[in-house]
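Encoded as C-alpha cells, here's the structure I'll be asking about.
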Amino acid sequence: MTIRMGVIGTGAIGADHARRIAQTLTGGQIVAVTDVNLDQARKVVDSLNLNATVYENGHELIKADNIDAILVTSWGPTHEEFVLAAIAAGKYVFCEKPLATTAEGCMRIVEAEIAAGKRMVQVGFMRPYDSGYRLLKQAIDEGSIGQPLMVHAAHRNPTVPEAYVTPMAIVDTLIHELDVFRWLLNDDYVSAQVLYPRATRHTHSKLKDPQIVLLETARGIRIDVEIFVNCRYGYDIQCSVVGEEGIANLPEPQSLLVRKDARLATTILTDWKQRFIAAYDVELQDFLDGVQSGTLRGASSWDGYAAAVAADACVKAQESQQIEAITMPARPAFYG
Amino acid sequence: MTIRMGVIGTGAIGADHARRIAQTLTGGQIVAVTDVNLDQARKVVDSLNLNATVYENGHELIKADNIDAILVTSWGPTHEEFVLAAIAAGKYVFCEKPLATTAEGCMRIVEAEIAAGKRMVQVGFMRPYDSGYRLLKQAIDEGSIGQPLMVHAAHRNPTVPEAYVTPMAIVDTLIHELDVFRWLLNDDYVSAQVLYPRATRHTHSKLKDPQIVLLETARGIRIDVEIFVNCRYGYDIQCSVVGEEGIANLPEPQSLLVRKDARLATTILTDWKQRFIAAYDVELQDFLDGVQSGTLRGASSWDGYAAAVAADACVKAQESQQIEAITMPARPAFYG
Amino acid sequence: MTIRMGVIGTGAIGADHARRIAQTLTGGQIVAVTDVNLDQARKVVDSLNLNATVYENGHELIKADNIDAILVTSWGPTHEEFVLAAIAAGKYVFCEKPLATTAEGCMRIVEAEIAAGKRMVQVGFMRPYDSGYRLLKQAIDEGSIGQPLMVHAAHRNPTVPEAYVTPMAIVDTLIHELDVFRWLLNDDYVSAQVLYPRATRHTHSKLKDPQIVLLETARGIRIDVEIFVNCRYGYDIQCSVVGEEGIANLPEPQSLLVRKDARLATTILTDWKQRFIAAYDVELQDFLDGVQSGTLRGASSWDGYAAAVAADACVKAQESQQIEAITMPARPAFYG
Amino acid sequence: MTIRMGVIGTGAIGADHARRIAQTLTGGQIVAVTDVNLDQARKVVDSLNLNATVYENGHELIKADNIDAILVTSWGPTHEEFVLAAIAAGKYVFCEKPLATTAEGCMRIVEAEIAAGKRMVQVGFMRPYDSGYRLLKQAIDEGSIGQPLMVHAAHRNPTVPEAYVTPMAIVDTLIHELDVFRWLLNDDYVSAQVLYPRATRHTHSKLKDPQIVLLETARGIRIDVEIFVNCRYGYDIQCSVVGEEGIANLPEPQSLLVRKDARLATTILTDWKQRFIAAYDVELQDFLDGVQSGTLRGASSWDGYAAAVAADACVKAQESQQIEAITMPARPAFYG
C-alpha cells in the first residue's frame, strides 16, 4: 500500500519533504498540497512533477478522502490547529517543530491523541535519526560507558540573521538538544539554569551570545550546553556523554583528513542544512513505514510537549538568572 | 516508469540486491528471478514477498518480454554468457564483478556493447559510490591537493577462509583498488610489481600474506597497495593521495570516539560487509536511474576489461617477481 | 654562580626536586636538607650522593650562611612559617602548594614579601610550565582564537585514596585549574558555583564525585570544570578555550596511534605523576634561573593567595550550593 | 667529574651543541674550540661566554691535555681524520653525520676503534633519542604489535635549496631513516630499489622529486619510504610499523587542536630544526653520561658504517633503477 500524503505548507522545509517523499523515499506519494501562498504550492507541484491536487487551505486538504497522512510544515502558529484537525479526521500527521507554540497547545494535542486511542502524531525532531546520535545511544544502552552522569554539549552556528534574539537560542536552537537528550538518556528534566558568558563582539544588543544552559535530569544527570550562534568558524554540534566507566563523543561529520598549508585538518561544516541531511530521509521514511504498519516510533506528541515545557523553563531561566524547576506531569501510560 | 528487473543468481549478493530494489530503492521492482538452485530462488521470492516469476534459467529470464533490465549475480564463470545474452536481447544489465573471468571475455562484452550502439552494461564496482572516495575524488578534481603524484593504500582483512590462496589477493581483493584508482585518478596502469614481505605467522603455505603491489600509471603516478588479509585487527581500507600541494586521506568510517580503559579510541570494523554497505544502495539506485534515463554512469564494460587486464598483469608479477608491463589498447571513443 | 639550595622536607616531592637539582637541572646544587624525620633526610643525602649538611630543622637550615635559596616541600601546615622565615632571612624560596593553608596565611606572606621590597617567593604551580598549556596561552595571547569567552575543562583521576573527601576536590584537585586559568586568561575570578551530578557508583558517602565547578571571571569569561576523581579510565586533563574567532584545545599527551583489536587508539595516562613530569623540570629550572638573575617569573605569592581565595569560595559553594562571590583585593602594583 | 669538551667546527650545529653543553645539559663544559674560521670560533666563545681556549686546528685541539672528549662538527669531508685522531689520542668523540664520506672511511674508523679496545665513538644520529620513536621501539620490543612485517614511512620537506640534487635525497635525507630503521627493527638491509613517481612541478631538472625507496631487511621486513622534499605543506616525518597483530604509528608532534575557519586542525611544522629539537638534548646528554660512565650507548661507528653501506646501495639503485643488493659483513662481536 502506498501512503497518500497531503502537505500543508510548501515553504523550504515543506517542499524539501515533498521532494523526499516523491523522489527518494519509498512507500509514499504526494497527492495533495496547500500553502498560504497558493502559487507557491502550485510551483512545487510543477517543479516536482507531482500528480497532486492543490487545496485552498489546510482544513480542506485534511478533509479530503483520498489522503492517508498529513505533513504539517506551515507557519509554526498554525501547527496546533492542523494537527488537531488531522487527529479529528483520523489521519496520521507528521508535524515539523514546534508541535504547538505553547506547552498548553502541545498538551491539547496529547489529550486529543489519547482520546483518539492510538498514536497518530510524529513530531519533526530529526536528531534521533542521525547515525552519530544512534551510535551514541547504542553505546549508552549497551552499558559500554556505564550509567551516564554528565553530558557536555555545544550547539554552534557560524552566524544568525539579525532577527535572531536571546530567547531564540532556546526555542529555535536548544530545542533540538532538549529533545535529543531526553531520548538519549531516557530521562526527564527537573531544572534549568542559564549563564551568560562575556558576549562575543559579533553579536548585537538583543542577542546574548554565547549562552550556557545547565540542565538537571530526574536521575541527577547534569547537562551543560553551550549555545554559540555567532561562533564564526562553522556549524558544529558537539556531545560528550560522561559515564561511570568511560566517555563517548558524538562523531564528527565525515571529512577528508588533509595535510596542506602547514595544517593537518578536517573540514567543519558551515551550512546547518548539511549536518543532518541524511537524518531527514531516515526520519520521514520511518514515518511512512510507521503509518504503513500502524505504529509510529518517532518523537511523539508527549515528546513535543516535554520539549515545550523544558523550553519554557529555560526561557524563564534566561530572564530570572535563577535555577528554575521543570515540572512535568507523569508520563501517561499511553506513551509508555 | 518503474524498471522491471530480473535477477539471475539469488545467492547472498543477489538476494541482498533484490531486497534493495524491492524495499529500499526507488524506481525498480523485481519481476523475475532464477538461480541454479530454483528452491533458493523461490525462497527469496517468498521471504521478500515479491510478485515475481521464477524462471528455469538465466537465458529464459533474459528472453521474457516484461523485463527491462537484468541483474547478474550468479557464479562468476557464468557472467559473460548472461551479459552477452542481455545485450543481445537489448536489455540493460548490472553485472557483479567479475564482468568475465578473463580479459578476453570482458573484451567480447565490450565489442558486443559497442556493436549494440549504446552503453547497456554496468559493472558492480561499488567503491566509486562510497561517500569517502567521492570526497577524495572531489578534492582531486577541484585541484585542492594539486596534481596527484603518489597513492599509498592498504586493503586489510582480519582473516580469510582457508581456501583463499595467493592469486586471490589480486583477483578477489586488489580488484577493487584496481578499479577505484582508475576512476579516482582518471588514469590507466602501465606497470605492476609485487613484493612479498616476511609472511605473517597467521597465514599458511599457499597464501603469501602480506603482499605489496606497486602500480605505475600512464601519467607516472606511483601507487603502492598493501594487501594484508590476515591482519587480525580489522577490516581496514586506507587510501592516501599525495599531490603537489597537499595530501588527502580517505575518511575512516563513522565511529564514536571513546575514552575508556586507558585508551582514547574509535572502533575499526571487522566485517567487510559493513564497510561499503551504503555504497551498494547508491550504486544500484544509480543503475536504476541510469536505466530510467537511458544513460548509465557507473563502471562500464571497458572499466571491467581494464581491471581484468591489470589484474592479469599483477598475477603475472606475483609469479615472475619482475616489473610487468600493463598494456591497454586505446580507450574506444565509445567510452570517452 | 651556582645556586646553593637547602631543602626543607625530603618526602616524595622534596626528594624528587632534590634529584632534579642534583642531576638534571643546571645552575643549582643541594647543600642542605632537613626533614621532620632526620633519617629520611639522611637517606636522601646518601641515595643522591649529595654533599649536603643535614640540619635539625627548617629554621636552622634557613639561618645557615652558605645557602642562597630554600625549597619548602614539607607538610602543608608548615609552609607559611618557613616561607616567612626565608623572606626574613633574605633568601629566595620555592614553596610547593599550598603556599599557606589559609588565604590569610598567604596574605601574610604577600605582605612580608612586599615589605622585603622584591619578589622572593615562587609557588609550585607547575602547569604554566607544561608545553601544552604554553601553546594554548600563546594562541590566546597572539589573538588567534580571538577574545576568550568560555573555558570547558575537566580534571579526571582514575581513582583516589579512601581518605579523599568532598572538599579535597577543590583544595587538592581544582587548585591547579584555579591557578592555571588565572595565568592562561590573565584574569581574576568573581564568582563560583558547584554542581553535584548523579554520583558514580565508584565513590563513597564522604566524596561527592563527580562535581562541576562554574567560575566567572572579572572580564565575564565563564569556566566550567568537571572534577571526576573516580573516572576509572585514566588521568585526563582537558581544557578547551572558546574564543570569539575559534576554539583551541589543550593537546593530548604524546602517544602512539595504534590499530589493534578492532580499535584505532591512543593511550591515556593513568598515573598523574607522568602527566606533568616534564613541567616540573622546566619549573624548577626557571626558579634556578630566576634566582640567578634576581627576577622570579613563576607563580608569585599573590598567585598563591589568589588561588587560596578562589578555593575558599569554591569550598563555600560546595556547602551552600549557591553562587558565591569571590572577592579579591586589587592586585598590588608590586605584582604588576 | 665534569667532562671537558673540545669542539672542532663551530658552524650552526657546532655552536648549537656548544650552547647545549654550556647551558642546558649537565656534566660537561666546553674548554676548547676551533674552526677553519678562527674568528667564528672566537665569536662562539664570546657569545656563549665560554672559558675555553681557541686552537689553531682540530689536531692541535685533540692533542691538548685538558680535554676528555671531542665534538666533531666540522665540514663532512674532515670528519674521518678527526675521529681517527681522537681515537689515536684516546679521547671519546661525538661525530655529527656523516661519520665519513665513504663506507670505506667508516670502516677505517671501525677498525681503529676495535684496535683501541673499547667504544670511543658516537655518531650524531638523533632520531633514536626522539620520544616518539622511543615509544614506537618500546611497542615493538614489548611485542604489542607482534613481529614487524612492513614499515611505511615518509620524509617530507616543504622545500630545499636549489643546490639539492637527486642523490642528496639519499645521503642527506634518507640517511636518517636508514639509521633509525636499523635501530627500530634491530635488523640489517639486504636490498634497495628506488622508484621515481611523476615529478612535482615544484622541482627542477637535477632533482627527481618525489622518490620512493624500497628496502628489504634480513628478516624479510619490507620498508617503503617516500622522500618528497618539495611537498610544500610542511616538514613531516611519518612512520607506520605494520606487525602481525597490529599497527603502530609514530606520533605527530605536539600541537593544539583548533576549530577555526571551517577547519578542525593541528599545526604541521615547517622548520625541520624544530622537529627533533628535544632529541638533540637527550642525545648529547647521553653522550656526556656515556663518557662519564665509560660506556657509550648511542649510534656506534658500526652503525655509521652500516648507514653508509645502505646509502651507497640506494644511490646505486637511483642510477640503475634496479633492485640492488646491500651486502654487509657480519657484525663484529665488539659491537654485539
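So that you can tell them apart, the chains are marked A, B, C and D in the order they are listed, and the count of residues begins at 1 in each.
As a working rule, a contact is a pair of C-beta atoms (placed from the backbone, for glycine too) under 8 Å apart; a residue touches a chain by one contact, two chains touch by 3 or more.
Which protein is which chain? UniProt says A, B, C, D = Inositol 2-dehydrogenase.
The shown structure was predicted, so the numbers you read here are calculated from the model rather than taken from an experiment.
Asks: Decide which interface, B-C or A-C, involves more C-beta pairs in contact, and give its chain pair.
Replies: Counting C-beta pairs in contact, A-C comes out ahead.
Asks: Please identify which chain has its centre, taken as the mean of its CA atoms, farthest from the centre of chain B (Inositol 2-dehydrogenase).
Replies: When every chain centre is compared against chain B (Inositol 2-dehydrogenase), the largest gap points to C.
Asks: Where the centres are mean C-alpha positions, what is the separation of chain C (Inositol 2-dehydrogenase) from chain D (Inositol 2-dehydrogenase), in Å?
Replies: Roughly 38 Å, centre to centre.
Asks: Which whole number of Å gives the spacing of the CA centres of chain B (Inositol 2-dehydrogenase) and chain C (Inositol 2-dehydrogenase)?
Replies: Chain B (Inositol 2-dehydrogenase) and chain C (Inositol 2-dehydrogenase) have C-alpha centres separated by 59 Å.
Asks: So how far apart, in whole Å, are chain A (Inositol 2-dehydrogenase) and chain C (Inositol 2-dehydrogenase) when each is placed at the average of its C-alpha atoms?
Replies: 45
Asks: So which stretches of chain D (Inositol 2-dehydrogenase) touch two or more other chains?
Replies: 233, 245-247, 259-261
Asks: If we count contacts the way the header does, which residues on chain D (Inositol 2-dehydrogenase) are in touch with chain C (Inositol 2-dehydrogenase) in the complex?
Replies: 23-26, 131-132, 135-136, 139, 144-145, 245-251, 254-261
Asks: Quick one: which bits of chain C (Inositol 2-dehydrogenase) touch chain B (Inositol 2-dehydrogenase) in the complex? Just the residue numbers, please.
Replies: My answer: residues 233-234, 236, 252, 259-270.
Asks: Spell out the residues on chain B (Inositol 2-dehydrogenase) that touch chain D (Inositol 2-dehydrogenase) in their complex, using ranges where they run on.
Replies: It is residues 146-147, 149-150, 152, 195-202, 210, 212, 214, 216, 219-222, 224, 226, 228, 231-233, 242, 244-247 of chain B (Inositol 2-dehydrogenase) that touch chain D (Inositol 2-dehydrogenase).
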